[in-house]
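In order of appearance the chains are A, B, C and D, and numbering begins at 1 in each one.
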Amino acid sequence: MYRWIPFWPKTAAVTAIPVNNLYVAELVLSALIMATVVAMMLTFCVRYRRNSDASRANLTEKSWHFEVAWTTATLAAFLVLFVWGASIYIWLYQAPRGDEEIYVVAQRWMWKIEHPGGQREIDALHVPVDKTIRLAMASADVIHSFFVPAFRIKHDVVPGTIETLWFQADKTGTFFFACTQFCGVQHATMQGKVVVMSAPDYARWLTEQGVQESLAQQGEELFRARGCSGCHDPSSTVHAPSLFGLYGTIVHLQDGSIRLADEAYIHDCILNPRSFTVAGYPPIMPDFSGQIDEGDVLKIIAYIKSLGGAQETLE
Amino acid sequence: MPDSAVLRPDLQYASLAQQGETAELGMWVFLVNETLFFGALIFIYFIYRLTYPHEFAVAARDAVLWCGSVNFVLLLTSSLTMVVAINAAAQGERRAMVCWLIATAALGCAFLGVKGFEYYLDYQDEVVPVVNYLSKPGEGRAGELFWVFYWIATGLHAIHLMIGIGLVLYVLAWKIPRGKITPAYYTPLEVIGIYWSFVDTVWLYLYPCIYLVGRS
Amino acid sequence: MSVTTVERVPQGDAPVSAEPNYLTAEHTVASWLLTKDHKRIALLFFASITFFFFIGGIAATLMRLNLATPGGLLQPAVYNRMFTMHGIIMVWFFLIPSIPATFGNFFIPMMIGAKDLAFPRINLASWYVFNLSGLVVLYALIMGGANAGWTFYTPLSTVYANGYVFAAAFAVFINGFSSIMTALNFVVTIHRMRAPGMTWMRLPLFVWAIYAVSVVMLTATPVLAMDTFLLAAERFMGIGLFDPNHGGDPLLWQHMFWFYSHPAVYIMILPSMGVVSEIIPCYARRPIFGYAGMTIALMSIAILSFFVWAHHMFVAGISIYSAVFFSLMTFFVAVPSAIKVFNWTVSLHKGRIVFDAAMLYALGFVLLFTLGGVTGLMLATLAVDVDVHGTYFVVAHFHYIMVGATVSAFFGALHFWWPKMTGRMFPESWARFAAILTYVGFNLTFFPQFILGYLGMPRRSYTYPAQWQSWNLLSSAGASILAVAYLLPLLYLGWSLIWGRRAGANPWGATGLEWITASPPPPHNFERTPIVTLDPYAYDPETGGYTTQEGTLHAG
Amino acid sequence: MRFALETDPKRARTLPFVAVWLILLLLGGLSLWAAFLGLGMWTPAVQSGIAAIQTALVFTVFMRLKGEPSLKWVFAVGGFLWLSFLFGLSMTDYSSRQGWPTMYDPSGPSYQLPRHSP
């Protein structure tokens, strides 16, 4: 029966729990509102039907008390929902550093997943249970959207930037994920499975993939091949910002603005360096837009992240 | 001068005064719409200029400053002659009205002439996206965005001006000889005047957006 | 004040007026195609949008047919083109012009006591421009359709989608001019052409609603026009302002698109609110509850609708600060809608309610609108939106508002004003049956989609996992009932044109100025300019009598 | 009303219009001059201000809003007001879309989950 008439999706992540609770609360509130309207309407329709002899004396045409009270009550209820929803959203949409940082490239019509160890998979995402997973997602063509119903998370993957998303699965099992932004003919098939495994199973799975080099190592090769190291290497004579310990710091730019050095920032700097000239450095970096694909950018980002984060800088 | 008695309001109006007021209001309501139309284009420009200040400054240096400035003067002057023509219509000075209207149309055409010459210079300078475009050093990929904006904005503005010139010529060739513009009812001219000045206003914004970027 | 006693719905044929009416004044084809009469133009619009409603409906039928089984029936490419064309046609070629261009065109001048709209030529031009854009969209459809979705998200629409995206976008661009011309006409007419005594606070709520919607059309449409113009240019030339490969921002397209398209939702719903505010007092035989509150709510919805657009983009990658702001604004815009639902419901209190077809449609509207509204609140809540955005939950929500509510109101208006427009009465029992069938069919079609949405079924998919088939099958079954319910009025209303009883001037005993003149109205609406002395909706539930806005009392 | 048969006094004199025309040209010159001053990010701000003053002059004098009924003012200003909605509200996104330091500090310890964790 349940297989054929499903009513409720699975709830399998810490991100899913507060969203699910809020959804239930809103369902109850909606049902209450609907019930009130229906009850009032039915009562009036029966009692004041044309042929009934109920009294129509002392008709109210307007009542400011009534309207103001009703308006205030709805507004107050709405504000509660707003605060509740917004607080969860802010929590959902600020991805923390993950125990696992996984890279996702969306390309019509598949999801290419790259693990930091260099393991690659398509339309499947293997993750350990009870660990914080941070996804850095790039699109190679159009806008896609990464959606895992059981985790209640979703984020569009917009070409030209990197979006981050996080979750922490709390049950093992296989869960469905899909693209929810129309992306062309086979949009409906751009789906896959999240496989949540226990830590030992996951470790075993990682080693079974037979990988030669990690993502950061691949990124380092690209970093040399593309000539980035010519300037950004500490031994270089060119006056270029050091990338050691860059990730996660606050960067001061030439035009006075500040940016957080996250994946999106590093991505923008590679593709559009002129708009992100770091304060105190000459604007000499060449523009890599159109010369490097999103998968390679992600590898370079993985390499730059492997050079250490903000904490190492302090040491 | 033909008598105003030949003019009657359209069926749905009680009087010529109501008809005239309504037509003017109609034009103002239409201008709300035009404001948002051009405003939306300038909004796109605004966002990209915020995003790519350096690239836009480099790309905009290729805009032909003298053409834009001359056109600025031409268009403002045409607005003045339009106003003077309406004044003449209100005073019943038919000859002066015709002369000033011809001057207005001529100034509008001069604007288009300068604009056309500027397009020619732009083509020579290889700043026509898709057709003939050469990315200059320092402008990156966003420089082309500036030029896409330039062509679309000036093109749409020129189309609006052409419509304005057409309307002025229509009044000159059709309405005035038939005595439909009188001191008692010159609303058609007034409405066209409002439109004309609005097209002028658009240039007040396009001028700094296009020609006065990256000059220092 | 003269006092006459009438039956509420007169039985038997009303006497035929000897004076020619707007239908019989002239007979040539040219007299229709070159007419400046707002009533004839309304009928021309009526013909056009009915045509497009059924084209869009055929696309919807094919989609539901396809989704009855997980495997599907159509080729993926065909399905994608079907939902794109369904969206484009239903939004721009049916819903947006639906009530304003037909009933608005017909009744705004009559309700304010004018002989015509301010600019009849522009009104006619609006119809021609509409048909021109219709031809372009039909061209796009016949050549194979566009497959970028009605939202035309870049860079899919500009670079990747094949098909006739350029033609479809251009059709939308041209269509905007038609909207603008109609809206401009209404704004100016309502400001300038009111009959003596018709003050703002005596305007029927339908006029207020059309005024509000015209303001929204005027200020939102040009932004869409620029947006689609740039899209068409980008598609045509291969370089443009929304292409990330040239440094463009795809979200900028979305910002500008939703700056129009969110207010456009209110363009679709506000006129229906006006219609329902006319119908409920007339059939409940009592004044509307809180007239002033209703006008304030209408205008505040119109203005607030511009502050909420980015709630379509909560998961699109906009800044979280922006998302929080737009979520708050969305809750604010829900307040006036809640006031309206409350006022309609209370307007039944101490009434003398008659359950005629128009009233059934109006009551259905209130219920469907409320359900659409409360699910709208769920979508406005940021965290829940993250989950259900882009799923069938959203599809169900906006169909409740745009189809459930708006189309119900459209049919309500059609039944309410049919006697006035044609001079004929329709068979009431058939009409009631159709109204109930619409309600049942609609809920069967779209309620299961809420469940599917929370289960995670992505929208715009031609296929789905097999365990979701039961709900999809139910939805498809409901759609077939809905199709019948939408086709039925075509039959019995068509029948009534020839065999229907003749309606008198005021068959429902309504108070508006449009009811004081003959049915169908004479070419210039009124024998003499009416002089307004009263607020609208002067119904008296105690006696069942009513007083028209001219001050003529009719005892119950 | 200008529909009276006697001539409209507001339309009798040309000199004020010429004066406004001169002011407009001067303001245009000022805008041009400002472009060469090197005011950095202030240049567009100054130029927008000048354009706004010019618009006000053209609207009130050339388009003769001065002394007109308030209804026309409402529509004349309304377009710009609505435009400010587009500019202003979209800046809530563009001013802070990416890379703004947020409440969460990504350099902090990675194992600590933010609020809402059960």
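In the analysis below, contacts are C-beta pairs under 8 Å (C-beta built on N, C-alpha and C of every residue); 3 or more make two chains touch, one makes a residue touch a chain.
Because the structure is predicted, anything quoted here is derived from the model rather than measured.
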item	value
Farthest chain (mean CA position) relative to subunit B	A
Between A-C and B-D, the pair joined by more C-beta contacts	A-C
Chain ID, smallest distance between chain and overall C-alpha centroids	C
Subunit B-subunit D separation of Cα centroids, rounded to whole Å	18
Computed distance of Cα centres, subunit D from subunit C, in Å	35
Euclidean distance of C-alpha centroids - subunit A vs subunit B, Å	46
Junction residues of subunit D, two or more chains touched	41, 71, 78-79, 82, 86, 90, 94, 98, 100, 102
Of all residues in subunit B, the ones touching two or more other chains	25, 29, 32-36, 39-40, 43, 47, 51-53, 55, 140-142
Multi-partner residues of subunit A (each touching 2 or more other chains)	18, 88, 90, 94, 161, 255, 272, 289-290
Of all residues in subunit D, those that touch subunit C in their complex	71, 78-79, 82, 85-86, 89-90, 92-98, 100, 102
Subunit B-facing residues of subunit C, complex	109, 114-120, 180, 184, 187-188, 191-193, 218-219, 221-223, 225-227, 229-230, 233, 237-241, 245-249, 252, 256, 524
Of subunit A, residues touching subunit C in the complex	3-9, 18-19, 22-23, 26-27, 29-30, 33-34, 37-38, 40-41, 44-45, 48-50, 54-57, 59-63, 66-67, 70-71, 74-75, 78-79, 81-82, 84-86, 88-90, 92-94, 108, 141-143, 145, 147, 149-150, 152-156, 158-161, 163, 176, 178-189, 272, 289-290
Complex interface listing, subunit B residues touching subunit A	51-55, 138, 140-142
Subunit C - residues contacting subunit A, complex	76-77, 80, 147-149, 153, 155-156, 159-161, 244-245, 247-251, 284-293, 314-317, 320, 323-324, 327-328, 331-332, 334-335, 338-339, 341-343, 345-346, 348-355, 363, 366-367, 370-371, 374-375, 377-378, 380-387, 389-391, 451, 454-456, 458-465, 467-471, 541-542
